[in-house]
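Two complexes, one shared chain (chain A), two partners (chain B, chain C).
And then the complex of A and B:
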């Protein structure tokens, strides 16, 4: 690989008569794939089969759950549902907690690429002035979302506890959480182009 | 060397002389008539000793002091018979159990020594010699000869402590083997043509005796009456078995790299062999093949420099090639890993050379005995290949070079009280990062090891496939595609693992001036952790091979990674996003490697069968029963020293991430910092808030498997057919609860303020199931 690159550079310097750059054909280009480039296919998922802290109970009634069970189906739903990941943040020393709860979903794609790229031309003339390396995330054409969901709320403590159970049984009757809104996402999103990431210290 | 032959002659003369006196010369006819009788039989009893045996070369002397050999049981005798059968001279030796001891191995001019050595063994041999070498005219045939060593135990003693190799035995069978004198590059050399020879060997255990000296002063221990004073005296690093089928040749010539010396040229092939290491589980290669070739040969010289005399082993070139087929890691009935192939090419290139300089005496704080080594290595264009269900993947263009000093000693700490040959150090707090005393065990010291490695990338399918990325997916295991570093520190090993055989270790590593790539292309441009230092401390860790695979327990572990600059582009001149510091404090963290990859799974949907997966909109991928699985578990422990208000804690045993930007002249601490402080894992158990055993887990299944790939030049997804092979990594990050005590912001003049007073993450099971293929 390196030798080919040097060969190409050598050819550039050794033959000033052919100072014009020639476009590389596809074969040559594909031969020059360095290790810096990678094409990723597959999926990224959060709690697609539930999480590891809470298991799915047999019913959706919180008073029947054990200390390590939790269902994240809407209150009153007939069947229980696996829970997603939960993130809680406290912004005041003795304050309440913002909660992003039941965060889950499957995102699958073919063709997320990652490579390092030097930008020193193009971009309507801005490229030459920019002249630095970027990390290029080539977006897959299609990203499928499946069973995506999250809920945003506030709570009086960081960790979730079952308010229907006594403290002795691992619950906490004084626990409060109020969900402000929740969302569900399913479908396909078209994402084209590149995301370029570069440092700005 | 001449002194050896003199010694042997002196030994045999008294035995042979009385027989010779009574012997009459036989004429040819008479001789031919006596063939078929019993021949000559020699019975030897007693022993021998020498005050000193010296090997002198180019003015340097390697000296074995106080050398003796005798029967283990006084009065027992060894029998040697010589007979002529057909055109062969047959020598049969049936030895009684012997003990060989060397009180000290020294290099003249040094006050230090390599240590002492004793061997208990029984030797048996059948030597069948006939005229005619490999070329058929000159030389000897040694076909059908056999050498066996049984019931052998070796003791290496350093500063009063012993390294013991127990129950060693081997049998060597020479088939179609010839001994010739041939013309080598530098004159005549002796060449042993191995034909189709076989070497069967085993070691029942390797242990350490860390009780100083012998139980009874002046009475050396024997395998039959071992020293059991040390608690770990009976424990072992494990058992080894091998059955090698060897071919090729070994040549030995005079003349080292310079002047006198010895030159050994291996050209050995190994085929259809078996190798096994056994703890509770096994590490076994059922079909081991390979070769070891050095054209210029390995040279052995005695030399001297400003630091004293040394024995130098050097090779200009060495090629080692091994294919480990049918590799099993853990339970033999479990899934297999597949195959693993190594191709290592060592080659001298200018100042980058391959040599080892052995000097007497180890670490300066470990007495007069031990071994020091200056090492220089240069490996070029090597590769490591993994074969999984018939699909192969190459970590291609692996290069590494470096130099450094290593020391080997048997050491003891003074933690259990001051005892002979223990070393407490000037900081004797074993549980601090600054501890500089010794630990109990076999200590390997590392000093100024300046090295680097890199590999070009992956090739999937065949060895000439285009290079591709994918090594980025291994960064979670701290395997970087390129790394250069300066390493100091030590690792001290004790025999016996967490259970049964295996090893336990204490280690401190200090890596400085390091540059590690997270992703890099063929021109060295990528994402670099440059100007890094990495300090790592392990206490009471262990390594075992159990039925679950390789299990590395980190014990109590704390570390500080300080990345001077996270750079884009060139590792030294690329633009930086600033400084990154990662401090970790863990207890009970583990790393487990086992065979068997992801198996069959659902991508883009859910379901445990092809039908349910397809029904949920996913794609069912079967990655076969082979492959590799890695489980990393990090149990982050909360630092109980408190969270000082308006200040950033500097406690060394704490989990903390610091990102610093806008430093003045690159001086650490002069910029603005974002601090993720005192993060830790928890089991999230309502009734037991302090439980912390589940940890932060990363599970990786590595396979080489085909996957669906779209041609990106078109719109939508135009599939590439057939599905190309890729490096498939099925990753899973899961934890019950991760807590962050606070997020702080630090301004160089304003000081530290807290912006978040707690973050709690619960119930996570995040999966990334990715296959890396070349960019289309």
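And then the complex of A and C:
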């Protein structure tokens, strides 16, 4: 008796549940697309006021800096400058390092978008055959740079060392870094369009 | 009850079979190398509103010679040197830019005779960044419109070419600025790639690179438009070097025997090297004669060559009467680099 009652109750509960949730068949499921996306506007700055590794010295002459000071102004410049971020990569087991140095500045943009998009038409006839979803990065119309800079160089050590100071004073006279070039960017660059990303075998 | 649960399990398993389908061997073998493709849709770039300066290039007395970058633009063809910029699609959905990590034996390189050959060593993982592929046979597009000699193996169509320009102002000394103004029209770079992998005996990053540049025209002007003696069309033409129907296939490295070595020496200098493919093995040991011959035959048969072809090179108007000159057709073809070593030095 008891078990029959429970069964009946169970059937009652189970029935409404079936009525509310309906299973989707494969066709319907595969027709579903994620919607929505992200719209980003913003401003970010990298090492605008110097980083955590070095503080700004009073002069641009390396021999006057203390062990924790570094200026990244061009050689021969009269005033010192804060240093930006540094990334060093070693391409050989026993070799030197490629360095992306002094990466700093303020970058601001309006309307960087990230969303998915189904492409099944257009693109000069390629879209219909393609017929799949892509990830779309919409470039902001304008990117503003303020005191943006970076330097590309090579060095014999990953970390920067002051070659004008003795080892006892926190420097390393054998340190060698050769900057191939450096660049500064100020102002507005117009960048419009989308980057469409999709898997590829 | 037990019967019910068995039926339930059967229902569940039936549903699972409907969703997951087994791949047969043929399908499985077609799956290789994870990577992704990307295309640029409606791209336009214009940096004329920004001040870009390149520093750290010094003159003989150690002073910085700043290079101001101006009039940088990228847009659809027909831009009239950037004056009329329109968005352009670069790369096609079926021939996109690609970043892949693949086995060396699955990569192919187009030889000048139209054959696809393997140039990377087998059994290594190669990180490849490549531009839209070149096509042999059906579907290939003329790489330079109206100039058959540049071949018809580009995948990008005429509407997927770009106009690109950049001006460099070299502030050589106080009161003197030297200018190079570059304007490419109908530029396409199909078939370019950069492949990187680790070389075990050498213990370093090596690779091979191909840079293909096809342009309907490239103009180099030595003055800034709108400045003194550089205003009228006539004045500007007089100071322009024009390359028409120009293309370059620059090949650096042949992975099997002459990889391009990206190197920084232990004393902090930049080294770019293409080693001699036959003299020494990567670990420094000498090779027997038969092996050297085999490597050399393979190198000469398959290593990609460098070509630089300018159908017409013209200084100024190209006519004697105005002081110009027409140099006509210039080319370097089938160049193979046997050994190259470039090292930076501190001045």
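Please note the rule applied: the second predicted complex is superposed on the first by the 164 of 201 C-alpha atoms of A that agree within 3 Å, B and C clash if a C-alpha of one lies under 4 Å from a C-alpha of the other, contacts with A are read in each partner's own complex, and residues count from 1 in each chain.
Rule of thumb we're sticking to: a contact is a pair of C-beta atoms (placed from the backbone, for glycine too) under 8 Å apart; a residue touches a chain by one contact, two chains touch by 3 or more.
The shown structure was predicted, so the numbers you read here are calculated from the model rather than taken from an experiment.
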> So, A:154: does it touch chain B (first), chain C (second), both, or neither?
Replying inline: second
> In the superposed arrangement, which partner chain does A:41 touch: chain B (first), chain C (second), both, or neither?
Replying inline: first
> Does the superposition put A:129 against chain B (first), chain C (second), both, or neither?
Replying inline: second
> For A:58, is the partner it touches chain B (first), chain C (second), both, or none of the two (neither)?
Replying inline: neither
> Does chain B (first) or chain C (second) touch A:95, or do both, or does neither?
Replying inline: both
> Looking at chain A, which partner touches more of its residues: chain C or chain B?
Replying inline: B
>> So in the superposed three-chain picture, is A:178 touching just chain B, just chain C, both, or none of them (first/second/both/neither)?
In response: second
>> Just to be sure I read the superposition right, which of the two partners does A:198 touch: chain B = first, chain C = second, or both, or neither?
In response: both
> Both chain B and chain C touch chain A; at which residues?
Replying inline: 90-93, 95, 97, 198-201
> Which part of chain A faces chain B closely enough to touch in the complex?
Replying inline: 1-2, 5, 30-31, 33-54, 67-68, 70, 83-93, 95, 97, 106, 108, 110-111, 113-116, 118, 132-135, 138, 140-142, 144, 146, 158-161, 170-172, 198-201
> Touching chain A in the complex: which residues of chain B?
Replying inline: 397, 455-458, 466-472, 481, 519-523, 525-527, 566-570, 574-578, 603-606, 616-618, 661-662, 684-687, 694, 707-710, 712, 715-717, 726, 734-737, 739, 754-776
>> Considering only the defined contacts, which chain C positions touch chain A in the complex?
In response: 18-19, 30-47, 49-58, 62-64, 69, 87, 89, 92-94, 96, 98, 100, 157, 159-160, 202-205, 262-270, 344, 346
> What residues on chain A touch chain C, complex-wise?
Replying inline: 26, 74-76, 90-98, 119, 123-124, 126-127, 129-130, 136, 139, 145, 151, 153-157, 175-201
